[in-house]
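Across the two complexes that follow, chain A remains constant while its partner is chain B and subsequently chain C.
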Partner chain A sequence: MSGQDFGIERHRDVEETILKKQSKLQFGAGYAILAFIFLVLPFLTTYDVLVEDIIVWSLFTIGFNLAFGFTGMVSLGHGVFFGVSAFTAGILSLFWNRSVVTLPIGIALGTLTGAVVGYVSLKRARVDVHKALRIAYLVLISIAASYVTMYIFLNPLAKYSGAEMGLLGFPDHPLHVVGNLQVNLKSHHQTYAIVGVVALLTIAWLRRIASSPAGMIMRAIRENEVRVGFLGYNTFRFKLLVYTISGFVASIAGSLYLLRSGFISVDVFDFSFTSELVVICLLGGRNSFFGPMVGTAIFLILKDVISSYTSSWALFLAVVLILSVLYLPGGIGPMLFSAPKVLIRVWRRNRFLAGEVPPSK
Partner chain B sequence: MLELENLNAGYGPSQVLFNLSMTVQEREIVSIIGRNGVGKTSTLKAILGLIHVVSGTIRFGSREISRLPTYKRGRLGIAYVPDDRGIFVNITTAENLRIPLIGHKMKEKDHLDLVLSLFPILEERWNQKAGTLSGGEQQMLTIARGLVVRPKLLILDEISEGLAPEVIMNCCDAFRKLKFETTILLAEQDVRVALEVSDRVYVMLNGAVAFHGTVSQVREEKAVEKYIHI
Partner chain C sequence: MHVLIITQLISGLTSGVLLTLIAIGIALTFGLLKVVNLSHASIYTLGAYIGFTTFKVCGNFWVALVLGAVIAGVVGVIFERFCIRKVYEYPVLGFLITFALMLGLTQTIRLIWGPGNKLAPQPAYLMKVVYLGFVPISSYRLFAILVGIVIMVGMWFFIRKTNIGLIIRASLDNKDMVNTFGINSSLIFTFVFGLGSAIAGVCGVLGSPIFGLYPDVGGQMLVICFVVVVMGGLGSIRGAMLAGPIIGVVISFTALISAGFSNAIIFILMAVILLTRPMGFFGDKL
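Moving on, here comes the complex of A and B:
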């Protein structure tokens, strides 16, 4: 009886405290670990290239997952935004102005491409269209976009983009910042410092979006878009916004990729490039924010290790993917993140069974 | 408050509503009853903008809404509880109830207290994923989600479908309590439930209104026997 009366406040109180505790803990520990990985780790290990690859790709996949995992929009066009941004920045800095201004211009153009592709494909896929068709529209139009941009960069722009050869010569000269300040593109440390800081800030920003009420609406749209419309939300505008943000992040990743590796080729426009992102998100866990980062790490490490023995590394990766889909449908990431909690629980229970401490509530 | 006038509507080329007229006054519980396939759900869908209106008007308050997109109708204060429930199964009860509240100015607690006093069971399921709730609880959650924003008009579709009689009675009680808060339009197959809770009833036949009147009129005229149990 008293439990029933009492239940109402109690349940909600419990929820509030859990949320608070979690967010504080996550905020402290999570960001410390993240900052360490992004800013310190590459300078400590001899596998610095691999670690940095993982970081740039994590940014890309986490941004992609905002559209794919959180909102349920399957798009194969993110390589386009990645490539447009990288090519624009690279071409402008080679043929127009060797300064860092070209990077934001590239990002802006990539984002704009994202907004246009998103608008065209989402506009047709209004809620009265069947869900499977809505997804198909987005997939097909994004594939179309990937071919359009690929041939634009292959043919009319061949003089600038280097066509099949890819963009060459980008790192030969330093990039101007202000006055005499320059970024030496051949200096690994200088370029990485920019990459690490920008990637970390962007991911923190995305995390904020994902854990805000907007993140809740994203997941609700994934579950049932029509109902979200009943609740008074313009789901078209919302989806377009998420898609554009995700294209923006892809563009940032593109520019950072160019800055770091100094090279970009038209291969990124191929939609099979973006389909790797889908694999990574599924592998790492598409419902969890940092899942794709775990997926990226596994993907790139496996690729790195196995490809030194055999060229058919994709075969092994496929086996890992199949196993993870069969036995860990939520992805590997969430399991990894909950491991500390489970271990602590087991340790507490064992201590209790050994009679060392009274049971904690 | 809600006025449908000579409404013709349908799915693509096939028309399902023929010259339908209907009014709902403020603080009234109105039911639409009829056999399967007479256009009860289609009427509700037309009000929400989910099917194509060919001609006729839908007025809500003083506004003509038949050309507005669904989400704008939602913002005007029309809430819809669909027959297939459509809760968001992978997020918790709490989040299901909070999503409609994002952006509303009133305090979250006041809103939640109202629906939780109607459906106390939801409190116990507060942090559970909504997909793990029982059928009746999911139905309550759907109603609660519609109510939590204090809509001006609550539209319910087949609430009795698949629910235990006891749960249905709970819902009926809840509606009577709600009468002082909001207006309710209910499409119902179960005639007993409809007559139990409503003030007025519309009986539909073949996409048009065959009879309408108060509950006692329906009983006097034997409208149910005439138009439903044929």
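Moving on, here comes the complex of A and C:
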């Protein structure tokens, strides 16, 4: 019977997320905190690399969650878009032209890859296919994409991509912007600023999408795609759009990652790289917009701490994942976000019990 | 040249048969429970390592096969009872939990047996080379094909001719109706899961001299097995039986060019088949 309770619980959770309206104040406060984390925190702590990692990865996971958590499309191919974007930008600026133009070209190519992979896999995972089959097809075709790109970058492009070694030598020279203006890739402050601003803007844009009517349709598709089709929406085009957007965000994250670390290796094409994103989204809460960010922070900090003690990081990850699937399907993020509200409620009740004020609704 | 072709064909068929056996386990779980069972990979690896240790301790290959099957089956049943059971009908959660189980079991294996390659168990009497005309063939590969075919025929007999097989086929069709007849279908699910895991364990012992023995071998196999399952039609055993040898032969021939290339080519093949025949060779039929 526990299985049944589990299902009911989950549906209630989903309903609440769909029906809940966010207050402007809450959103503004959240965004101020976000801006602080993105723009100021890297300069304050000595763990600046970790904070920067969390920023880039948050962008990546929030974009991924738009497809995974919001629309219900499991993909293991987002590492491909990330990698294609980073590699294209890196290779072009090493062998062609050292200017920032290479970054948008990389992003464009990554997005294009995303659109193609999305088209092929979504074309196959149509509405008339069983839900479990649909997910299987999405996963398998994205794994196929990961193998094919890995082969391309390891063999025909080995001369440029550095094969197993990864792309080296990217941060040796500055990147030209316009005229004499250039980005010094060895200066942490400059790369911080670029990464922080771009990530902040992209997340704001994604937030706008997620809270728009289109975001509602995404969640409706996740709940019941057939019914959304009955309402007259072309769910295939909708899903392709979402897939492409999340591929676009993955590409931006790829370029930012290259800019920040100056290094990229073919490991990102491996589908186990993307499966970490799935874990992060689930851990942080796939029904909430900022959940994946919480997940990213927890995941990366845990990884940092635990890998310094033991090499069995994967075992720990597995235990956390199993426990969170079985007992916390909503994730940690929503719990964290509702904590202030719960505290206020408790505080009010205590004041009421003490006889200070009448109860407020 | 002919020699090379025949050797590659035989080696392709061997891996094809083993792939089919693993794929049948995945296909059955998917058909019955609608869960994409990723943990099957690590159960294969577990079987392989159990076989390795058993063979080192007692030196009998048959004991290694049986013990590998039994322990893999028991672990499969434990997985089903305590974790996967809770997420039936939730494909995404099922996918995640089996992924977590795979990760955990692989890491446990790495902790117990160490991360490196091991020399796979192979009985002395199967190390000889048999001559087929003038073509030398490893007798172990012939043995593996033989055992694989015996297991496959056994499976076919079991599913087609026995009462439990009848219940399994009925459950594939309509689970609720089977429950209505007063049959405890959840027990049947556990049994099927255990059976699939046991077969994966046997494959682990049989396949370790062919595919190598290291903690991540299961993951490598799993990806190829998925191609087999999808090409044959998810949930279809007949389809897996057809697709397995095809994939095995394709891999063994393209591996002559380069190893990375064979991985890319089977996935391109899978994508093409998915785009032309969406339900695989045999669709949803068993």
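The working rule: the second predicted complex is superposed on the first by the 339 of 361 C-alpha atoms of A that agree within 3 Å, B and C clash if a C-alpha of one lies under 4 Å from a C-alpha of the other, contacts with A are read in each partner's own complex, and residues count from 1 in each chain.
Methods note: a contact is a pair of C-beta atoms (placed from the backbone, for glycine too) under 8 Å apart; a residue touches a chain by one contact, two chains touch by 3 or more.
On a predicted model such as this, the values are computed, not experimentally measured, just so you know.
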On the A-aligned overlay, A:Lys186 touches which partner chain: chain B = first, chain C = second, or both, or neither? neither
Under the stated touch criterion, which partner chain does A:Leu282 make contact with: chain B (first), chain C (second), both, or neither? second
Of the two partner chains, chain B (first) and chain C (second), which one does A:Phe230 touch, if any: first, second, both, or neither? first
Would you sort A:Met216 into first (chain B), second (chain C), both or neither based on which partner it touches? first
Chain B or chain C, by number of chain A residues touched: C
Touching A:Leu154, do we find chain B (first), chain C (second), both, or neither? second
Looking at the overlay, does A:Val325 come into contact with chain B only (first), chain C only (second), both, or neither? second
Both chain B and chain C touch chain A; at which residues? 7
Chain A residues within the chain B interface of the complex: 4, 7-8, 11-12, 14-15, 18, 127-128, 213, 216-217, 219-220, 223-224, 226-235, 287
For a test of understanding, state which residues of chain A touch chain C in their complex under the given definition. 2-3, 6-7, 10, 72, 74, 120, 123-124, 129-133, 135-137, 139-141, 143-145, 147-148, 150-152, 154-155, 272, 275, 278-279, 282, 312, 314-315, 317-319, 321-322, 325-326, 329
Which residues of chain B touch chain A once you look at their complex with the stated criterion? 48, 50, 69-72, 74-75, 79-80, 82, 86-91, 94-95, 98-100, 102-103, 116, 120, 123-124, 126-127, 145, 149
Touching residues of chain C toward chain A in the complex: what are they? 30, 34-36, 83, 85-97, 99-101, 103-104, 106-108, 110-111, 219, 223, 226-227, 230, 234, 258, 260-261, 263-264, 267-268, 270-271, 274-275, 278
